[in-house]
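These notes open a run of structures that come right after.
In what comes next, chain A is part of two complexes: it sits with chain B in the first one and with chain C in the second one.
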Partner chain A sequence: MSRLTSFEKPPKLRPGAAAPHQYRLLGKKVLITDEHGRWALLTPAEHARLLAGLKPSDPLWPELQARGFVAGAFDFDAAARRQFERSLLSWKGPASHVLLLDGMGLETARAVVEFVFRCPGPQLTLELVFRDASAVWAVLWFVVQYARRKGEWTRRPVFLIARARTMSPDQADFLRSHGVTRALTLELAGAPVMKTSPPFRAQRARAVLAPGAVEPRAWAEWFEKWGFESVRLEPAALDEKGVADFASFHDGFLDWLLEHGEEANLRDEWASALLAGRRWSLPGMDILEQLAYDATGRVFASELSAASSESCLGGVGELRYQDLPRREAANAAIAASHADNQPQCSQCAYRPFCAVAPSLNQRLQSNLWGQTPASSACVLQMGILDRFFSRFVDEKWFLLLNKWHVDMT
Partner chain B sequence: MKSKKKTPSKGAKSPAPKKAAAAVAKLTSSEASLSLDIKSHGLEPVLGAAYLMMDKAYVSLSGDRAKTLVVTLRAKDPAAVKPKALAEEFLLDLASQKIRWAVAKNNLPIREFVAEQAVLIANGTVPPPSAAAAPEPAAEELTDDQRAEIEKLISEVEAEIKTMNDKKVATDPKNIKASWEEKQEQENKA
Partner chain C sequence: MKIVKGAVAVKFGKPLYGAEALAAGALALGKRAQVFVGETKSVFSVEIVPASRLTPAALLALGGEFLNEALNHEYRQRVIQANAPLTRAVLAPLFAKGFPAVPADPLEELEPQVKADRVRDVEELLAQARGMK
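Let's turn to the complex of A and B:
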């Protein structure tokens, strides 16, 4: 069976009854979604009825009509408004800017921050990435201060995130006092030792699963104990084993969150990012939601593509923001990130939630467009979303998502 | 090389869709070739199903895309997947593709209309209430003349808003295109 999943007994289709939707078999259910993320879980028989044409007397009618899955009662105005809001038509520029600070000089940092503030978005997020705060302290200090000032001068909300492996308590205090969210990058190997504290107090964690990482529930407990608010787990490698290990670990991690959801403060960043459509906190949709800047001030389509000269859009010194659409690399990345341009993505039930960026395809398959049937990134994210949607039979999962400000009702 | 002709639905555990019977399969020890009538299967579903096999098989297409296409499937890992299994999987995906394409094609006018309205919103033209939307309760009490008058007023206001928006876009009133230095300079002058 292909990744899209197919029915063994295709239901009979009477044309014109069901509104635009994609479907996917999920256990014994059929998940249907529209392109704006509204969804319903049906039985195969119910989906067959929808495809054959629902009657207003059908018990499914009220629910599916309200969710926009019945063509005869389709709300065109609402759909148009949603299309406008979630498409390039209302695009205000990339919200997330990743600054790779290791090796960056002060002059370059200044030019980068100025470039970021030329992006006409209503709010800006600057994610400052480095290994050790001590090694980049001058630049880090400057960027935090300068970005805060520029935010005040331009009256735009500015969110700052510092993602590192190590920093001293004083450095962490400075960042906290300037409203900078601290994110810890770490590898999870084996089982956690509860008494061992993280290298610094952080709100977020980006946790890469080293081979042999076990006991996801204990790790969740460890993150909760040390005051983390959210964790994004990542596979060690995007090969078959890496993805399989990730799936089983993530499942256990979610189980713990579900069991301790009421009292725990921890959340799964994949859930809040994918389901709530906050894709800028993910590896990104290149250019549309993220730009990255390396130590020499070169601008890239995303953090993932920052080592690839093909994805370089120019240098902050000479590049004007309004010239971005004229760059071939920008056009290629944007064209490749649109689901309608991809044979499999256009039919995928998870297209409204997908965050497989062209730069990820480029890294894995040497091709911005990617070959989706053979893409391990696609397997990984579809697996994550399978785990999320198959849990929607449990009301506790809805409540937990609500707590994380994800409204999936 | 041993070869035989058969319809893959025969003897297969999962019943294949009725139209799949029109697919003629030729199985050898290394590959499966399916001859597909384009009129009954449709070109897009055949191409879609072929694309979906890419992770498991090398797929080649030959023939006349207006009449009959021959899809040849050769497993990337012959030890793991047999040609017969590939053929069966292809037919299942073909059946699924037919449904997906049917839903997509049936809803093409809906998607086109929605896209058009979204562009109108982006251009500053508020989309008119669509025929599908239920009338406002108060609107049912209006006479035809009153409706006509109101519609005329709305279109005048819309035209005015559009002119205002066009001017705004042309003059860049928020000074978005200016650099930070330019803005500071202007503010200092002011």
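Let's turn to the complex of A and C:
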């Protein structure tokens, strides 16, 4: 079983005609992508012309040459620059740090913030995750204040996000006045009741689709009505039914956004996460983009792996940031992140956009490398990307992505 | 693949499969099964004994999972070998020197008072936070 697509009758290939690329059949189109996410949506006839060797007089030539798909006119300097900028050769350190605050003490919080600021990188994001702000208020208050001060002292921009299920208006006001983005975690069950307000005013939402969640368009309207700026939909479970329910819900959600894109402020976080956010052309967030810290100050490769002691990299008290590459768990996660090390992934058209992290494989298949043919996470994300790329025939989709600061031109 | 007395028996031909592939398969099954390996010059004989009694369908699924992982492992090694020059160029420098910690703040180093003021500032924050409990 493969998640990849193949031609019934493969087109003829003239060696040296087309630059290296991956392809995927999307309905009646052929999507081609390069290693760093440059792409083109072609008809099978156009793709066949590319493989056979485009002539400069061909109407396709300017576009495909500019995107680096014509081997004879390949810009090696630009490719080298791109390889440096978009690969780990220019990696500066994990930028995102997830602090799981429920049950964390003040001294641990202090040590965690100090560890975070020992990580290099031009900017840092601290995502503070908890259920109820009242239960962690002292720690939350301290982390916000201390991280702000550390940002000033180290002259680094610090972005703070508070992700919760509930907080009081006063707590939300405090966070807003300290420049903290509020994110609401909620379950979508059934259809929304338009006049029912969310537990607190938030800019972002992480919405888990409970079994039986219906009316994605109405939910989109609900999020828009209550002032959310972005939503990340999540399946209730990564099994066959959960993925299928997610696919149809997400499709309806995107349709609403496409129809109301001009006047609405809402955006789909998957679009920015997969299309614009893949800084390193590597799947997932483990270590390279994210570190997570649990209530006892243990450091993990990502939020997803925070429950697994196998993925523990050490405690903030004794672990030094510079020792991370000497940890076996770190080595394994980084090696498993590299698509060139993976069967199928190395040929996948979506590898520049992939966010199936090794820690997700570990959780689903008890294996950092994952078995991509059977991975439901792979099905979910390839489905999302299929929905995104198949919409590129519509000019409105480009305009909407531009509005969301996702440049796919 | 055969079911023999509540276990799964599989033969793996050499040299297509190596011992590492069988180890990867065993790792994928974890505590759900014990894996016994016998060897001749041309074949590995593997017996997968589940930790608990399983139906024939569940036994076949267990054996299939082992086979999947063993095949995946073998194929992955070939992909890794084929792409080694590229991945080595990117990953080796990262492991060798890719995690430099932020150096100490020169202002704190040059002005001990700055460091002392900051430490006091943090202690005051902590005291204030403790008062909230």
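Everything below uses one rule, namely that the second predicted complex is superposed on the first by the 400 of 409 C-alpha atoms of A that agree within 3 Å, B and C clash if a C-alpha of one lies under 4 Å from a C-alpha of the other, contacts with A are read in each partner's own complex, and residues count from 1 in each chain.
Note that a contact is a pair of C-beta atoms (placed from the backbone, for glycine too) under 8 Å apart; a residue touches a chain by one contact, two chains touch by 3 or more.
Since we're looking at a predicted model, the values are computed, not measured.
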| item | value |
| --- | --- |
| Which of chain B and chain C A:Val139 touches, first, second, both or neither | second |
| Partner chain(s) touched by A:Gln322 [first = chain B, second = chain C, both, neither] | both |
| Partner chain(s) touched by A:Arg110 [first = chain B, second = chain C, both, neither] | second |
| Partner chain in contact with A:Arg81 - chain B first, chain C second, else both or neither | first |
| Which of chain B and chain C A:Leu51 touches, first, second, both or neither | first |
| Partner chain in contact with A:Ala71 - chain B first, chain C second, else both or neither | first |
| Touching partner for A:Trp153 - first (chain B), second (chain C), both, neither | both |
| Touched partner set for A:Ala18, first chain B, second chain C, both or neither | first |
| First (chain B), second (chain C), both or neither touched by A:Leu4 | first |
| On chain A, positions contacted by chain B and by chain C | 87, 89, 117-118, 120, 153-154, 322, 343, 346, 371, 373-374 |
| Chain A-touching residues of chain B, taken from the complex the two chains share | 14-15, 17, 47-48, 51-55, 89, 92-93, 95-100, 102-104, 106-107, 110-111, 113-115, 117-122, 127, 129-130, 132-133, 176-177, 179-180, 183-184 |
| Complex interface listing, chain C residues touching chain A | 27-28, 30, 68-69, 72, 75-76, 79-80, 83, 86-87, 90-91, 93-96, 98-102, 105, 107, 118, 121-122, 125-126, 128-130, 132-133 |
| Residues of chain A defined as touching chain C within the complex | 87-89, 91, 93, 106-107, 110, 117-120, 137-139, 141-142, 145-146, 149, 153-154, 320-325, 331, 334-335, 338, 340-343, 346, 365-367, 369, 371, 373-374 |
| Of all residues in chain A, those that touch chain B in their complex | 1-11, 13, 15-16, 18-23, 51, 71, 73-77, 79-81, 83-84, 87, 89-90, 114, 117-118, 120, 150, 153-154, 322, 343-344, 346-347, 371, 373-374 |
